[in-house]
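Read from first to last, the chains carry the letters A, B, C and D; within each, the first residue is number 1.
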Amino acid sequence: MKGFAMLKIGEAGWIEKEKPVAGPYDAIVAPLALAPCTSDIHTVYEGAIGERSNLILGHEAIGRIVEIGKKVKDFKPGDRVVVPAITPEWRTLPVQLGVPAQHSEGMLTGWKFSNDKDGVFAEYFHVNDADMNLALLPDGITLEQAAMMPDMMTTGFHGAEMAQVQIGADVCVIGIGPVGLMAVAGAELRGAGRIFAVGSRPNCVALAREYGATDIINYKNGDIVAQVLDATKGLGVDHVIVAGGPPQTLAQAVDMVKPGGVIGNINYFGVGDTLPIPRLGWGCGMAHKSVHGGLCPGGRGRMERMISIVRHGRVDPGKLVTHRFTGLEGVEAGLALMKDKPADVIKPVALLE
Amino acid sequence: MKGFAMLKIGEAGWIEKEKPVAGPYDAIVAPLALAPCTSDIHTVYEGAIGERSNLILGHEAIGRIVEIGKKVKDFKPGDRVVVPAITPEWRTLPVQLGVPAQHSEGMLTGWKFSNDKDGVFAEYFHVNDADMNLALLPDGITLEQAAMMPDMMTTGFHGAEMAQVQIGADVCVIGIGPVGLMAVAGAELRGAGRIFAVGSRPNCVALAREYGATDIINYKNGDIVAQVLDATKGLGVDHVIVAGGPPQTLAQAVDMVKPGGVIGNINYFGVGDTLPIPRLGWGCGMAHKSVHGGLCPGGRGRMERMISIVRHGRVDPGKLVTHRFTGLEGVEAGLALMKDKPADVIKPVALLE
Amino acid sequence: MKGFAMLKIGEAGWIEKEKPVAGPYDAIVAPLALAPCTSDIHTVYEGAIGERSNLILGHEAIGRIVEIGKKVKDFKPGDRVVVPAITPEWRTLPVQLGVPAQHSEGMLTGWKFSNDKDGVFAEYFHVNDADMNLALLPDGITLEQAAMMPDMMTTGFHGAEMAQVQIGADVCVIGIGPVGLMAVAGAELRGAGRIFAVGSRPNCVALAREYGATDIINYKNGDIVAQVLDATKGLGVDHVIVAGGPPQTLAQAVDMVKPGGVIGNINYFGVGDTLPIPRLGWGCGMAHKSVHGGLCPGGRGRMERMISIVRHGRVDPGKLVTHRFTGLEGVEAGLALMKDKPADVIKPVALLE
Amino acid sequence: MKGFAMLKIGEAGWIEKEKPVAGPYDAIVAPLALAPCTSDIHTVYEGAIGERSNLILGHEAIGRIVEIGKKVKDFKPGDRVVVPAITPEWRTLPVQLGVPAQHSEGMLTGWKFSNDKDGVFAEYFHVNDADMNLALLPDGITLEQAAMMPDMMTTGFHGAEMAQVQIGADVCVIGIGPVGLMAVAGAELRGAGRIFAVGSRPNCVALAREYGATDIINYKNGDIVAQVLDATKGLGVDHVIVAGGPPQTLAQAVDMVKPGGVIGNINYFGVGDTLPIPRLGWGCGMAHKSVHGGLCPGGRGRMERMISIVRHGRVDPGKLVTHRFTGLEGVEAGLALMKDKPADVIKPVALLE
C-alpha cells in the first residue's frame, strides 16, 4: 500500500509498505479524512522526536473499518469511526493508579501514530484496541468537523481543563493556531468570562472572536505580559493556557497569572534544554501559581465526548478548516501548507470520500 | 420608610419602619430593581424558616447606594450596585479553613436578607460589609438582566459547579423554574454535551432549549428515572442537578446517575424530616455516587463574575423575566404571581427606575 | 475440590466442585490465609445479595499461584500473592472516563468473589486478569498482616480518602469493627488531629486508641451526635467516616459534621428501602455537607500500596486478628465467630501454611 | 524597646525602637520563645527581599499578649499564643475567590514580619487581626515544640499538601533541614509508603528516619535523580517535595517524578532569574507532571490544626531543636548559628521564660 512518510530527518515522500494486519483486539482502517498537523512538521523537519526511517506520518484521521480483530465486540467492517491521535493501552498499572492513559506504559507512550508505529497517511492504518480507541461517527457531523476531534479539539479543551477554568474567570490563551483556537473554545466551554487571545494573524484573530475571545493581544503592540496586566489593572488573569510559542512563553504565562492562578500547557516544546520559570514572577517559589502540562486525552470515551460536543452544537470545530484537498495525495499538499504557513491557512484537510 | 413584610406566618403586607443606618463598613441602598422569589413564598406561607414578625421580605435586588460607612473604600453614594442574596461576614475562622462563606458564622448564616434581618423590598435596605458584598453594575447590562444575578444565576450555576460537570458529559437538570433554567445554562457553561431537562410547562421547556437543553423529560410521560435510563441505554447520566421538587427528587437523582457520578442539589427542601437516598440505587452505600448540596455563593467576587458572564454574552439571564411591574409596589403583585404560579410566569421583576 | 459454600439463603456448608481453570490472562491460586468477613454473614444469613446456590464463600485471601494463563507476564506458579477482594476488569469505558474500577462494567461489578463467581474459601480459586489484580507478597510481612489487605485495610483507608481528611482536622469514625478500626488508622494516615471513635466493645476501643483514636464515644452514654457536639463546643467535626450501623447512622453522620464538612461511607447497608438524610441537619439541602460512599479499591496497584504501608511500618493491621484457625476447615469456625460475634472477636483468620 | 534588626544589607545588630501600639483589631505580644530562621539570613546577608533599614528581624514566635485592641473578642492580655509567621488580612477579594490568604492583598503580602513591618525579635511585637491570626497555646505543649509551629511545621506540611501525597505512594523530599524534616513528617502524615529523603548531614539523616524516611539519598554518592530512579526500577516517585537547594533542584524534581506525578515546592529560591524545567523530563510540555509552590499557610485556624497535631501526638516537632539559648539576647547567637551552619545544628531556639 501507499503512504506518505518521513524518509529521514528533513525529508518526506511517498513509499510503499505492506498493508498492516489486525491482531485480535485491533482494527485496520481506511481513511475518509486526514488532517496534517504542525507536529508532523516538527517530526520531519526538526527531528523533534529523533531519527525515523520510512515512518508513515499523520495522526489525525476519520476512517472506515476494513478489517477487525476477532476479539473486538463493538465495531465491524464498514463502520465509520473517529480515530484519536492518542491510542493508549488501557490495561496498565499506571492507569489503575490514576496516571493519565497518555502515559499508560511510560511517558507519552499513548502517542503511537507516526511516533512508534506508522501513522494514518496511508491507504490503510492499524488501530490498537479498537473497542477502547475508536468511536462511531454518527450521521449529521461532517468529515471536516470530525477530523478536528482526534487532536485539535481534545488538545485545546484539555488546556482549559488543566488550567481549571472557573465560571466567570479571566483567561488568557497564548497562541491561536488551530489548537489555540480550540483552547479559546475550551475556555468558553468551561465558563470563562473574559478571554484574552494572544495572536496576530487576521483570520485567526477573527476566528478567536467567534470562538469566544473578548480581547485580542498582539505581540506587535508590545510585551504581551504588560498588555495583559494593563488590561486587568495590574492584577493579571486567573488562568492561562499556553498553546504555542517558544520556551519563553511559559515564563510569560507565569508572569501574567495571578497568585493562586493556574497554567495549563498544551504546547509541544520542541527545542531547548530547559523551560524557564521566572523566579520573581513565581514568588521565589511561593506564589501558588500552579503549572500543568499534558498530552491530549485519547481513547474512545474522550472521542465520544467530542462527538457529543459537536452533535449538540456546543462548538463547531469545522470553522478551523481553511483548505481542502482531495484524495490521499492531498496530505502532501496539506503538509506543505503547514510547513510554509501562508497567512490564510489555519487547518487543511484531505478528504478521501 | 415603607416595606413589604411578612407580618406573621401566612400573612404579608405593607409596613412602616425606620430607615436603616449604616455601620462603618456598611451601605444603605435604594432599590432600582427587585425580584420576588419562590423562597419568599416558602418563608411567608409555609413558615419554612419559622415564625417572623414584621420582617421585610426580599433578597434579590439591584440598587443605588444612598449612604456609605466611613470605612468603606470602593463604593460611594450614587453607585449602582448588584446586591447578592447572600452577604456573608468574610473574616471568620470557617472561611479561613475553606468552609464556603455561606456558612461563615454557622450553617446558612450568610443568608441574612429576610431571614435574620429585613430584606430588600423596601425604600431602603442595609448591606453589611459593602466592600466585600457589593459589585458595581457596569453600563450595558439591563436592570432585568442584573436582577437575575443575586440569586437565580449564582444558584443555578452553583448546581453545575457542585455536580462537577465535565466537557462532553451527559447531565440531567431536574426542575426548570428560573433556578433550574440557570442550572441548564450552568451545565452548558461547564461544557456539558447532552442536557436532559425535567419539566412540563411550555414556556419553561422552550427556554430550557434556548439555554442548552437537548432533551426534555416530562413527568407526565411516566417515571422520569425510567425515561432518562431509556434514553441512555440504561446507563444513566454523569451528573444530575436537583433544582426543584419534593424530597423524593433526591432519590430520583441517585437512581438516574451513573456509578461514579455526581449530584449537585440547589433545591431548598422545605418539608419533611428526612430526604431519601435509595439504598439499592446507591449501591447499598458503595456506588460512588456523590451527593452535594449548597446555598449559592454570594459576595462581591461572585457577583463580579456573574457580571462578566453577562457582559461577555456567555448567558443572557434576562430571558427569564416574563413579567414586569413598576415601582416598589410591584413586589406585591410579583409575589402574588410567584404564589399562584400561572402557566406563563417564570420570573417577575419590579422596576423602580 | 472442596469449598465452603452458601448452599442457599440461611444455609452454609462444605461442597465439592471442579477445580477452576485459568483463561489466558488468569491465575489459579491455592490459599495460604483466609479471613471470614461479616459480609459473608450478610450474604448467607440475610440474603443481602439475593439467592445463591452452592456458591463458594469468601473474598479475603492470601495465596500461592498454582496455575497461570499464558498471557500473564508478571507472575508464575509458586508466587505468593495478595488477592484483593475486588478484582475488576480494567479495560472498560467507565474506567477510561474516571469511574472507579469497582464499577468498571456496571455498579459493583468489580466485586466478583462470592458474588458472581465462586469465592476463595476453597482448595483453589480463580483470579481474573492476574497481572492487574494480584500483588506479590514480599518477605517480612506475616500472613496475618497480609490477610488484612484484600478488604479491611483498603476499605477502611478508603473511608478516610472519601471523607477527604485534612491535616489537623477533627474526624469521627462511626463503628469500630475491623473495617472501622482501619478507618481510624486511615484517618490518622491522612493526618487527622483529633479522632472520635464510636463504639463500645472494650477490645475494639483499646485497639481504636492504638490506631489513633483520641476520644471514644459510647452510644450507651447517650445520643452519639449530642456527645460529639458537646465535645466540640457545638461545632461538630470536619469529617465523618461511616463504618457500621443501621441506615440511621448516615443521618447521624450528617448531623455531626460541620457545614462544609465531608462524609465518607464504607458501610454496606443491607436493609431498608432508603437511607435518611436529615433535612434540617443538611441545611434544607444547602449546608454543603458532602456525602460520599463507595466500595473499596481493588486491583494490583492498590494492593502494592497496602503492602508499602505495612512494609514501612505505617500501620500494623495484624493487630486486628484476634482468632487463628488452622487449615481450610478453619473458615467454618471463623465464619461461626463472625456470626455470633462474641465479645472478644475482632477478626479471625484461617492459616493454611 | 530593644530589638535585633537588619541595619542594612549585610549588617545586623541591636537597636532601640518605640514599643508598637495595637489598633482596634490587633495585639501586642511579648515573646516567650523565638526561633531564628534561614530566611532571616537570606534577608540580611543576601538581601533577598531588597534593602531594609533598621527592620527588626524574626517571624517565628510564641508569646504572651500584653495589650489587646478593643475590637478583639477571643483573646486577652496574659494569654499565651502561637503567632504564625504569616499573618494575612483575611477580608479581601482574593480570599473570597479562593486565592490562598498568603496573597490576600497581592503576592506574598501575608508575610509581614521582618518583611514589611518589624519582626518578632524584640521585647514586644505587633500582630494584625488578633482574632484571625493568633491561636491559644494549650498546656501540655512545650515552648520548644510550639516554636516550630509558626513556620517549620506549617511549611513542611504544606509541601506534602501541595504534592498531593496519596496513601501508600512513593515520595521524595529534597532537602532535610528543619523545613525538609517537617516535609518528611508531612509526607508520612498524608499516608506515604516509601519516603526518600535527600540529604547528607548525619543528625538530619537520623532525624529524617525518625520522622518517617525509609531511604536516604546522599548527593555525595552521585546524581540524586539517578539514585532515585535506580531505587524505583527506573519509574521515579509519585510525589516530590522540594525543601531546599539551588534552582537546579526544581529540574531534578521534575526528572525524578513519574508522568502524572506532582511536585510541591516549599523552597524559597533566593537567587537566579529563572528556575529550570527540563524540557525532556517534562515530556516536552506533555508529561502531566504538575508543579506547585507556595508560601506556608498562616492564620489562627492553621495554627490550631498544628496544635492539634502536636497535642494528639501525631508529630513531635520538638526534636528539631538542637540548640537552646536564654533570653531575647539568644536570638543573636541563634542567628549566628543559622549563618554558620555547624554540622550539629538543625534549629536553635531562644527561650525567654
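Simple rule for what comes next: a contact is a pair of C-beta atoms (placed from the backbone, for glycine too) under 8 Å apart; a residue touches a chain by one contact, two chains touch by 3 or more.
Remember, predicted model here, so these are calculated numbers, not experimental data.
The minimal number of chain-to-chain contact steps leading from subunit A to subunit C is 1. By number of C-beta pairs in contact, B-C leads over the other of B-C and A-B.
Mean C-alpha position of subunit A lies 38 Å from that of subunit B. Looking at subunit A, residues 97, 302 sit in touch with two or more other chains. Residues of subunit D that touch subunit A in their complex: 48, 94, 97-100, 102-103, 106-108, 238, 242, 247, 250-251, 258-260, 265-279, 282-295.
The touching residues of subunit B, counted against subunit D in their complex, run 90-91, 93, 95-97, 101, 129, 132, 299-302. Of all residues in subunit D, only 157, 160-161, 166-170, 186, 188-195, 214, 302, 304-309, 311-312, 314 touch subunit C in the complex they form.
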